[in-house]
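Chain IDs A, B, C and D follow the sequence of writing; residue 1 opens each chain.
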Amino acid sequence: MLIDVINDFEFDEGAEDLMRFALPAARQIAALKERATSAGVSSIYVNDNFGKWRSDFRALIAHCIDDDTRGRPIVELLKPNDRDYFVLKPKHSGFYSTTLDLLLQHLGARTLILTGFSADICVLFTAADAYLRDYHLIIPSDCVASQNNDENERVLHYMKRVLKADIRESATIDLTAQSRTAELRG
Amino acid sequence: MLIDVINDFEFDEGAEDLMRFALPAARQIAALKERATSAGVSSIYVNDNFGKWRSDFRALIAHCIDDDTRGRPIVELLKPNDRDYFVLKPKHSGFYSTTLDLLLQHLGARTLILTGFSADICVLFTAADAYLRDYHLIIPSDCVASQNNDENERVLHYMKRVLKADIRESATIDLTAQSRTAELRG
Amino acid sequence: MLIDVINDFEFDEGAEDLMRFALPAARQIAALKERATSAGVSSIYVNDNFGKWRSDFRALIAHCIDDDTRGRPIVELLKPNDRDYFVLKPKHSGFYSTTLDLLLQHLGARTLILTGFSADICVLFTAADAYLRDYHLIIPSDCVASQNNDENERVLHYMKRVLKADIRESATIDLTAQSRTAELRG
Amino acid sequence: MLIDVINDFEFDEGAEDLMRFALPAARQIAALKERATSAGVSSIYVNDNFGKWRSDFRALIAHCIDDDTRGRPIVELLKPNDRDYFVLKPKHSGFYSTTLDLLLQHLGARTLILTGFSADICVLFTAADAYLRDYHLIIPSDCVASQNNDENERVLHYMKRVLKADIRESATIDLTAQSRTAELRG
């Protein structure tokens, strides 16, 4: 699950800071996504609609790339393909007022791998809602980022302690095993 | 609100029957939608995703028209424009596992005009869920259709009796008044 | 699942009519509930809170019996015991703004037996929401009632046609089989 | 809103620690609740059902007091009265699978005062869900507690930063002003 990776990063407060940590994380996410695809594990983009209720996801991607926005290098690394799923979320949590839960049921997913930005807001809100719904969580520490690195560390440990999330680094995740149990989303 | 008007009608059971009643209704919906637009009232397409979780709405419209499907004349009458909103629903009710309720809150809507097919299934499910959420309902009797005309009449009277819906014909709806109270969706 | 069986029937419009059909249905529900208990099948009362947000279920039962209300004979037939579950619903559908879905997941239920009043309103709304959530429905025709008997027949056939409900009479339901698959709620 | 204040504190891990901070907080909550009642502001108990789906709230209170549990002094300080509302929550967030949102709509509440235990789990989950639903939050820092005091401070500042919560001490909240706008829950 890729949370808010399609973003133009054209906001004033803290965009540069977040970008500094988000770009290396995006590289890790891209590598993990490639391994997930090879292992037959599907990917779901869960992305803000940024208050644009009429927009669709393809239009958002085109804007980020064609308008040469600050977020362009990340969007180019993480461009979705035709096999990927996407869910537009109107608020911080991917589960609030969206069809995500039903899509996960349809896919038979019980374990979710959460990646994206920012860890301390949209990833945390989505992870908490996933935990309420009894999903097992893997949140690789090198695939999330926040504006502030200390805050990023703290929220990772919060999610480990309270949400029982597995926060190991992405390279150590055995996607084949996950795929065998038909339970993983990348 | 236009319910399931974008449909290829390429199903076996009863598609011809529904089509016979749906085409005249679609003409009434198109006329009502034009008046709504003039009155500054926005339109929301609430449409099945037909189990295609990766599809988007534009792709569905293109399929209905380009593949010369049975539903093509209706889709051509009711093609959305850039100012329209759309919500893909995975099940019969437009409110179940979608962002519709939040979109209506965002628009400040308290009265909904429901139109589309079929009256006795998706329109009824959506109307019941709208009633639970305290929306006032207008369901113009000439803008909905079902496979069976008697069933269509019965469900209209059910929605009038139980859901307190106003089922007057579309030509008699005063959209300007609705617009003044900033409360209508077409 | 017993829908709105705890009711004082102290409303003006149609209470006598509904009562006439509800009392015989209540006798069938009581017999079915007894068989369900013997078969190890649990019962859930899903009941209106009647706009009394502070009330609890026990207080409602006491009111119906102690105040000698019109609904007293039905409440006496169907008094819950300590093994029964109850869910207070603020609106017509038992699933709307309640914990019912999570309780059913907790119990592992996939098939629901719906009984109660009135068939054409609260039973229908609850059945439709159950169908959206992929529950298999048994709605025994002798265990539901409406104010109008024709309407009762019509809604039963609607639930059979659209919601794929099994509407056989209660005496013919094999509760032991249901219990073996650990899937039934009475 | 009083979150998880009715608790027997009979769990192994950290109950003593939490109790040490929770008792002084309970005294502040009791004082705030008294002022709220005087100002005509209603109180809602949002409490775990502790996996006991058949239990009701009164039975839980009786257990905490009569069985002389560790939580007894807190429950005695914060015993609800007949004018209070209560909502049993099956999971950490008071909004998940409960009727809380509809109750708040019924009361016309737009501002919520959150109090209770533990700040870093149930209060945070509930506050995040309230924020998604556009409620304005007051979370008085002396009316919440966690097992670890540093963690308590951190989560308070997180809720201030991300959820825009007002975390001033309870004595400085002007309940009369809140009541005038008919928007407060204590």
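In the analysis below, a contact is a pair of C-beta atoms (placed from the backbone, for glycine too) under 8 Å apart; a residue touches a chain by one contact, two chains touch by 3 or more.
Worth saying up front: this structure is predicted, and the values here are computed from it rather than measured.
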Both-way neighbours, i.e. chains that touch chain C and touch chain A: B, D
Chain whose Cα centroid lies at the greatest distance from that of chain D: B
Euclidean distance of C-alpha centroids - chain B vs chain C, Å: 32
Multi-partner residues of chain B (each touching 2 or more other chains): 91
Chains that touch, pairwise: A-B, A-D, B-C, C-D
Chain C residues within the chain B interface of the complex: 91-93, 96, 120-121, 125, 128-129, 131-132, 154, 158, 162
Touch list for chain D against partner chain C, complex: 53-54, 56-58, 82-86, 88, 90-91, 97-99, 101-103, 106
